[in-house]
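Next up is a structure, given as structure tokens.
For clarity, chains are labelled A, B, C, D, E and F in written order, and residue numbers in each chain start from 1.
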């Protein structure tokens, strides 16, 4: 009968292109990493699933009228979803450790060298035939070194939407790989003695300081780097709602239901950029390689900065905490703590690493603003 | 644009970027310290004993006590009934 | 004064058309059924209320700029709302009973005969003067037999938007009437002895099986029936999020706050299609009649299939559980349990009926895909 | 280097206009009032923060592509956000006190004189050079006297979008100032003896009455004032969902997560109208002044109406409860209770004041409908 | 439009508005009373003792009792062990 | 299109539809069985005693015990005071 023929001609079996099969395998791999290996599952489950849906021959998910098309257009190309996520992250962030020891901000600054060195590296890769990264592309790739998902997605959606899928996948994958990438670098750059350094306990921070801090951050961003205000502003809004204590129902919703809803759709929307023709390219290999370099350089520069600060500062600073400056909250801080405990079982660095860790979030939002202002 | 031109531009970006990141966050270090000193000057950290104590001591609300009391009575009755 | 006159001319009293009064009565009836008779209240409260709002003379709810207009255009004509609901339903569904006894899928297949027989019946109704159902219309009507609200709304929004209101009302009403429609059919087709059959206890199902099952379902749908992938895909995403155990905060949000929010708006949006000129037609009577037939045929074919399977299978299969194949989760499974207990007070069929019940959801999503591919 | 120059030229420092600095100070003031003085923080925190973001030179929040632009266009200019808030407020409202004593509705009616007198006053202000309020402007300003945020935002978005920021700020500020504005007026208009009056305890109200009441309100609105049905309809939907008892998961979501999410965005969207060129005008001063007058007149007319009713009614009516007729739920009712306790420490008026309080919400939604129908 | 014209119109608006607000809410007063009398006629307020009692009396579920009983046993054991 | 033509088409749809529904779900039956056998082969169902036991035994957390103990003490004090 005709009907069976029509159905057959519409099946995946009859229409599969190799690229789609490969991309479904990539989606499946992301699901596997998320579920079995616990690789940033909150993002990689929806991204991986979105990648599968995107590559269904005849599924139409990313065509006008398709679910993923609407999600991407409404939430990602407008930049709204990453900003809402950033507000929710702000509502979950405690700046206490950073306010108690503001010098830690310099570690968050140093780790951004990973971003700018990678930008240089991405352009240098153009000498290899097959790569033709523009400055916009290179900037969006380099932000992987910021180790912050929403920042990477926000910047990529503005500077290089066609690379967004690969960039987001690289960013979240390397964030999950922080416990593997960072320790060798941390150990190579520090002596046993340095890793043993114990740090003075952090002072208590008052509620007023916690309320004023996000406003101070916002004010400085307004004064010096307006291009960062979308990211920094939404982050500070979330943090202010959390700390001010009078809008608890808003901050709890922002940090729970709202961020959860948006995370599902953000993941699916990112997945919609994982089509074969966009992902199965030479560039993606370059992006994956550059992302690993970015993380490594960021880690190294954070550690080196911490060593310098330890030398010139009156307080003891364990250089390991510099590695937390890449952000990847809270994974990087936990890695610091673990490596510290290996050297000295009584040395709990977690709280000390939270300072550079959240400083890294601010640092990469600042770096993203610089790139937007100069390259966007 | 030639790759070398791009390289020059990205080198400049690196310099400007790191300068601005460090500059910005250094100012933030300064402002945070200033902010903290101002806050602590005008509003020294109170020991806040009133807010802490109830959490450590008074975890059991009157209702809980009432409910538990009733439960104990109930429990004793049951014990008596079942001849435990 | 002029003002009073203007106000009077804008009142409902001065502008009511008979059709609007009747449709408000229909809305009121739906509210009554939902609240007093517990007829699928989660949907029928917003649908009934939406019907009232839609028919307010001068209310402007469904005109450009009106609340219901935006809801319908953003969520229903795009298909996004039913798909989000389906994701949430997936996040609430436990496939354990079906994985333990996969043959039950055949009962979910058999019950879809209700759909295709009704499609034939709807076309046959064209012999009656006043009916002029196209194949698209007939397909959208027939899906009522799938006994699944989001599937019916999704298909109707694609194939016959002008009939969507009547189709959704019929679908949810008959789902609520399952305890009245099904038992007589079930009893007529089975002997006392058959209804007494006890079934072997279901084996335990491992977490890995539960994780892989939605992926297997998705894979087969991709291979053989891409047109079903929007529905099946979102359902499987919800189920995977639930079962994989690493994104609990996402699956809980999908199964609670997100589905609740979307349910309110889906109901209001469906109500916006209950205007007098669209609902008070001869077709609506046909749709209501065909819907009842569809449910009945689906129930009957499920039961008959179960009888056949019981005869040819090595295991005992109580034919009553075939009735759960129409889906209407979990109402139909509860009806099966109740009728079973009437025959044998020690025979709890609930878990056995959950298999065909969730199979029915997959079955009607598959049938919807077939209709979309061949008629859409 | 060029880059540094480009960055410098993009900074806030290099681009600040005086108006923007002033508006940021206004935003900061709103945050201060919200956080330190507990002025309606749920709204004024996002509004104040939105005002700051809006006035960032080069921030682009309110330009096409900016976050606040999308929020305003999607949620406020369509009227959808205030209506969703109104649904949530309905799902939090208990009409029990009003059903037990329906005469209280007349207090809610009297207090609306604040609206219409202010409308007259706003037009009269046109005699002062520099003011040129149209009837639309004057109506949107007058609704501040309704003492209900969503109603004011909804009406302003329809009649005078360019004044929306100032109107919303005035409405929420005066609602927060109710404990300061109302008591002197209440005391001036009542004798010690009147403030002492004790009222008969309210009868119990059955669930059926509570279910039918929102439907009756909706029906009357449909019959006599369709222009009020968006506001009244959504309010009644929320209330019906709460009272009917069969859709608890929907009403809880409407009254919690959904209203919280929308409140954040509503506040940011209102903030997006607080740009210097729209807010730093002579009109804003007029709006702030007129708003204070509106609240005062509304309070006074409520109290006077209560005095009249006390004289002619068989029951005792404490005139203080008339002040609750302005709405400002539940602040005004609490103020009534407090002033009553000052006169008579054993006289708890809270429950009696809840009747006029929720009546005031209906009253201002009715008034908004009248203005929409006659001026819109 | 002249300001005086506007003033006249806004005066009319005031009159019409207050008239309609009062008229509307008066009708609502009447309808609410009617509704209540009809409801109370056909469905008099039941004392609902079944629904009330458990809330006031049976606040403690069997599980709670069981848990508490167990806790008491545990508590006594601990007391014995620590020689309190 | 003539009604009879439509009827023929809908009859075909019925046949094709049921065929595909049964075919599809039959394949799914087969795949599910295959999947289960593979899973059970490589990952036999463990008894998982570690995960079950605490839920059945240790329902009462140390905090609960502590709270209840304190409550009992409180309860006894109250009883003494009120001379019950």
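Of note:
Rule of thumb we're sticking to: a contact is a pair of C-beta atoms (placed from the backbone, for glycine too) under 8 Å apart; a residue touches a chain by one contact, two chains touch by 3 or more.
All values reported here derive from a predicted model rather than from experimental measurement.
Shared contact partners of subunit C and subunit D are A, E. Each step here moves to a touching chain, and the least such steps from subunit B to subunit C number 2. Chain centres here are Cα means. That of subunit D falls 46 Å from that of subunit F. Once the centre of each chain is set as its mean CA position, subunit B and subunit E turn out to be 35 Å apart.
Subunit A and subunit D have Cα centroids lying 41 Å from one another. Residue positions 3, 7, 224-225, 257, 370, 374 of subunit D are each in touch with at least two other chains.
Counting partner chains per residue, subunit E has residues 13, 16-17, 20, 68, 72 touching two or more of them. Considering their complex, residues 98-99, 102-103, 105-106, 108-110, 112-113, 115-117, 119-120, 122-124, 126-127, 135, 138-139, 204-206, 208-209, 212-213, 216-217, 220, 224-225, 359, 362-363, 366-367, 370-371, 374-375 of subunit D touch subunit E. Considering their complex, residues 3, 6-7, 9-11, 13-14, 16-18, 20-29, 31-33, 35-36, 39-40, 43, 45 of subunit F touch subunit C. Note for the complex: subunit C touches subunit E at residues 1-4, 7. On the subunit C side of its complex with subunit D, the touching residues are 3, 6-7, 10-13, 15, 24, 28, 31, 34-35, 38, 41-42, 45-46, 49, 52-53, 56-61, 65-67, 70, 256-257, 260-261, 263-264. The touching residues of subunit A, when paired with subunit D in their complex, are 78-80, 83, 87, 211, 215, 218, 222-227, 229-230, 233-234, 237, 240-241, 244-247, 249-250, 252-254, 257-258, 370, 373-374.
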